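For reference, the structure discussed in these notes is given below.
Chain IDs A, B, C and D follow the sequence of writing; residue 1 opens each chain.
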Amino acid sequence: MPINKVVYSAEEALADIRDNMTLLVGGFGLCGIPENCISELVRKGTKGLTCISNNAGVDDFGLGLLLQKKQIRKMISSYVGENAEFERQMLSGELEVELIPQGTLATRCMMAGYGIPAFYTPAGYGTEVGEGKESRRFTYKGQEKDYLMEYAFDADFALVKAWKGDTAGNVIYRQTARNFNPLMAMAGKITIVEVEELVQPGELDPNQVHTPGIYVDRIFQGTHYEKRIEQRTVRSK
Amino acid sequence: MLDKTGIAKRIAREVKDGMYVNLGIGIPTLVANYIPEGINVELQSENGILGMGPFPFEGEEDADMINAGKQTVTLLPGASIFDSAMSFGMIRSQRVHLTILGAMEVSENGDIANWKIPGKMVKGMGGAMDLVASARNIIVAMQHVNKAGESKLLPSCTLPLTGVKCVKKIVTELGVFDVMEGGGFRLLERAPGVSVEQIRNSTAGKLIVEGEIPEMVL
Amino acid sequence: MPINKVVYSAEEALADIRDNMTLLVGGFGLCGIPENCISELVRKGTKGLTCISNNAGVDDFGLGLLLQKKQIRKMISSYVGENAEFERQMLSGELEVELIPQGTLATRCMMAGYGIPAFYTPAGYGTEVGEGKESRRFTYKGQEKDYLMEYAFDADFALVKAWKGDTAGNVIYRQTARNFNPLMAMAGKITIVEVEELVQPGELDPNQVHTPGIYVDRIFQGTHYEKRIEQRTVRSK
Amino acid sequence: MLDKTGIAKRIAREVKDGMYVNLGIGIPTLVANYIPEGINVELQSENGILGMGPFPFEGEEDADMINAGKQTVTLLPGASIFDSAMSFGMIRSQRVHLTILGAMEVSENGDIANWKIPGKMVKGMGGAMDLVASARNIIVAMQHVNKAGESKLLPSCTLPLTGVKCVKKIVTELGVFDVMEGGGFRLLERAPGVSVEQIRNSTAGKLIVEGEIPEMVL
């Protein structure tokens, strides 16, 4: 039998998340966010959190729910618009914010999962993102260019949303709800995945697994997904 | 003078057959509507799409299918989905040929500022810093002057930079400009009804005007 | 319409591969090797090649075919047993061989595809693999450890074998024939993929594409796959 | 004294419920056969498998489904396939808990040599250098002495190293040894019928014998 990663609720999955921990939270805007994990953090009332997440949700959904309750001490993100409470807390100094380039954010997660402590990227060189960082000139594929040294993230937990998963922790994401999720799944010291559908080992095609179960410590079937759309844009038939 | 649509139309002519293109939010997004028939290009969206299609028909929106502007979109046949690390991997490795984005300021050596106004609410750079540090070809779509009437084509940027020496071309309501290796905005085309003099008056950075400057034909 | 990457034969695909170039060649042992591309290199008689490939084939199959014809000047691999002609050429000094750890080989390909010129890995630190390389001590996830700096590969062509692909260059690999193929597909200046089955755009699930077409410059349908098994191990029913 | 099967059986007892394990070629491969019932472990093969199963039934071999030893294998339910970069990613990030591999020499500070004999044909390190540089727990399965009768447990290795200060435990035909932080092979168990004296005579490196050493029960 494969190693069983199933827990029966968000409450059980998040039981050992304590105040002042650092969490990686998957999703891009409101797409592919771990709704059940976020609700459970609100319920628990965990405080002083550092959240690494591409965005900060909207006022009344996603990480915005944690901001409302002042549970977040620091956000590490690439883009944080669309959130009035966020803005208020940031300008008043209640909330610490570190903004980093989106590709750097994604890659720092991946490198954590790949056991690579540091790497070089051109993003942010010559800007205030590069201030205080080591830089280095490389000639690569004939182009000479300056790069910043960036470090892999080191976070306590990763909270990840996937589409389907099996009890061994193998998961598949759906469409652009993939985004940062597989990267954060590899990066947490402990990785918790909530899925829309939990299946038995053998039901997923091994060839099509996005995140192998070895990266997943706990998996549970989420409930009541709202999957809110941030910008509903359509054309007429 | 060009309106936003005009700027988008003019930029669409820079899009060539076989290109992978990343379009920023605002005017750049409009460019997709004016890519000529018969030109095969694929749009990349940095949240993880290659082969992005138009907005869905009403009632067919899928919360799991959005673009980097968080708008609901569709996929075209031959599309693929990937994670954010691979998305920026293809950007950094220059497989994305062309990036079109907006700017608050561009300097005559190609520096760009488009993410932060000190003292105001800062929303973040999103993927812009990765894009401008990576793409071989970066075209800026923007208004020539800001709301206070000041030129956005400057000797050097006053706002915090997004990237250095990266912008290759600028299209504004007044004209089309190449950013020169040695510094300076070389005027390539005037917008309909706009004179070189008008452009000169609106350009704070070094403007290079060589020979007769044609009026743009859209 | 998506960008069309189809060429009609290995001959057309490899037309501009010239003497003394550097090639990335996918596969692990004889599993997932680009059989048609290798045959075409034999036919063309291209000489002085540097091949980056995990292994060097066997005497009469895979890269062994190029070794027989003395078309390879240098091999960069992690393991090169099982090949008498290889051994002869290596010991006589006709063939240059650079051995590097398998994970480093894989990661140097991936980094090329990710536009990251250099990164740090612990593999080979304190061994002769580390001689002449920069090393650096990092504390990551609480462990202090020494790492070597390694560079992304810079190769002229990548020769890749996939299972199914569409005309836009999107491909899917099958089982462990995946191995180095998706990594090398991202790493070539020009990437050539041969597939067992070429399909139309829209026939592959976008969610399940392993290598997006943007990384593929040319794709063609291969023929006469032998798919030789190196070690046939079975149990009885 | 243990035969190869005995060494494999003894090592199998180090495999605990919930572990991801990478088994090298040779004796380590045999370990899979002796993992106790009721213990759920998953085998990782560095060419890109998690959840590797036994050899296929005759006639069911699949050329696309091999292990790192290039042998045809099968997958168990809950298996997954991935590329070589991710495979070594999970190794380097220590999600693979236990690596079991052979060696030509181990030194009393945990250095290992198992890939190269100068002057002889060199086949390469494969994934061994990545594995030993990464895993938290590395167990070596080997003969105690080489064909020339010389000890393979040494004060320091004479052959080119595969990795430094990484081996945690050694199982040979003579016994089970912990490699100590401060240096030295601490004898934990004697193989059936083997005396401490025999082990001492076959061990060139510092041997630590504290108290009564139990004979192994298999």
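Heads up, the rule we're going with is that contacts are C-beta pairs under 8 Å (C-beta built on N, C-alpha and C of every residue); 3 or more make two chains touch, one makes a residue touch a chain.
Please read all numbers here as calculations on a predicted model, not as lab measurements.
Participant: Show which chains lie in contact with subunit B and also with subunit D.
Facilitator: Chains touching both subunit B and subunit D: A, C.
Participant: Check every other chain and keep only those touching both subunit B and subunit C; list them.
Facilitator: A
Participant: I want to compare two interfaces, C-D and A-D. Which one has more contacting C-beta pairs?
Facilitator: C-D
Participant: Just give me the whole-number Å value for how far the CA centre of subunit A lies from that of subunit B.
Facilitator: 28
Participant: Return the distance between the CA-based centres of subunit A and subunit D, expressed in whole Å.
Facilitator: Measuring from centre to centre gives 36 Å for this pair.
Participant: Please report how many Å separate the Cα centroid of subunit A from that of subunit C, as a whole number.
Facilitator: Computed value for the inter-centroid distance: 32 Å.
Participant: Scan subunit D for residues touching two or more other chains and write them down.
Facilitator: 81-82, 85, 88-89, 91-92, 134
Participant: Indicate the residues of subunit A shared as contacts by at least two other chains.
Facilitator: 107, 114-116, 121-122, 174-175, 178, 206-207
Participant: Can you tell me which positions in subunit A touch subunit C when the two form their complex?
Facilitator: Those residues of subunit A that touch subunit C are 107, 111, 114-122, 136, 138, 140-141, 147, 152, 154, 172-175, 178, 189, 206-208.
Participant: Could you pull out which subunit D residues touch subunit C in their complex?
Facilitator: Listed in rising order, the residues of subunit D that touch subunit C are 45-49, 54-73, 81-85, 87-89, 91-92, 111, 121-130, 133-134, 160-164.
Participant: In their shared complex, at which residues does subunit D touch subunit A?
Facilitator: For this pair, the touching residues of subunit D are 18-20, 40-42, 44, 50-51, 75-82, 85-86, 88-96, 134.
Participant: Spell out the part of subunit C that touches subunit B in their complex, as residue ranges.
Facilitator: 1-4, 112-116, 166-168, 170, 186, 200-202, 206-207, 209, 212-215
Participant: Would you pull the subunit C residues touching subunit D in the complex into a rising list?
Facilitator: So the residues of subunit C in touch with subunit D come to 28-32, 54, 77-81, 87, 90-91, 97, 99, 101-107, 109-110, 121-129, 163, 174-183, 210, 227-237.
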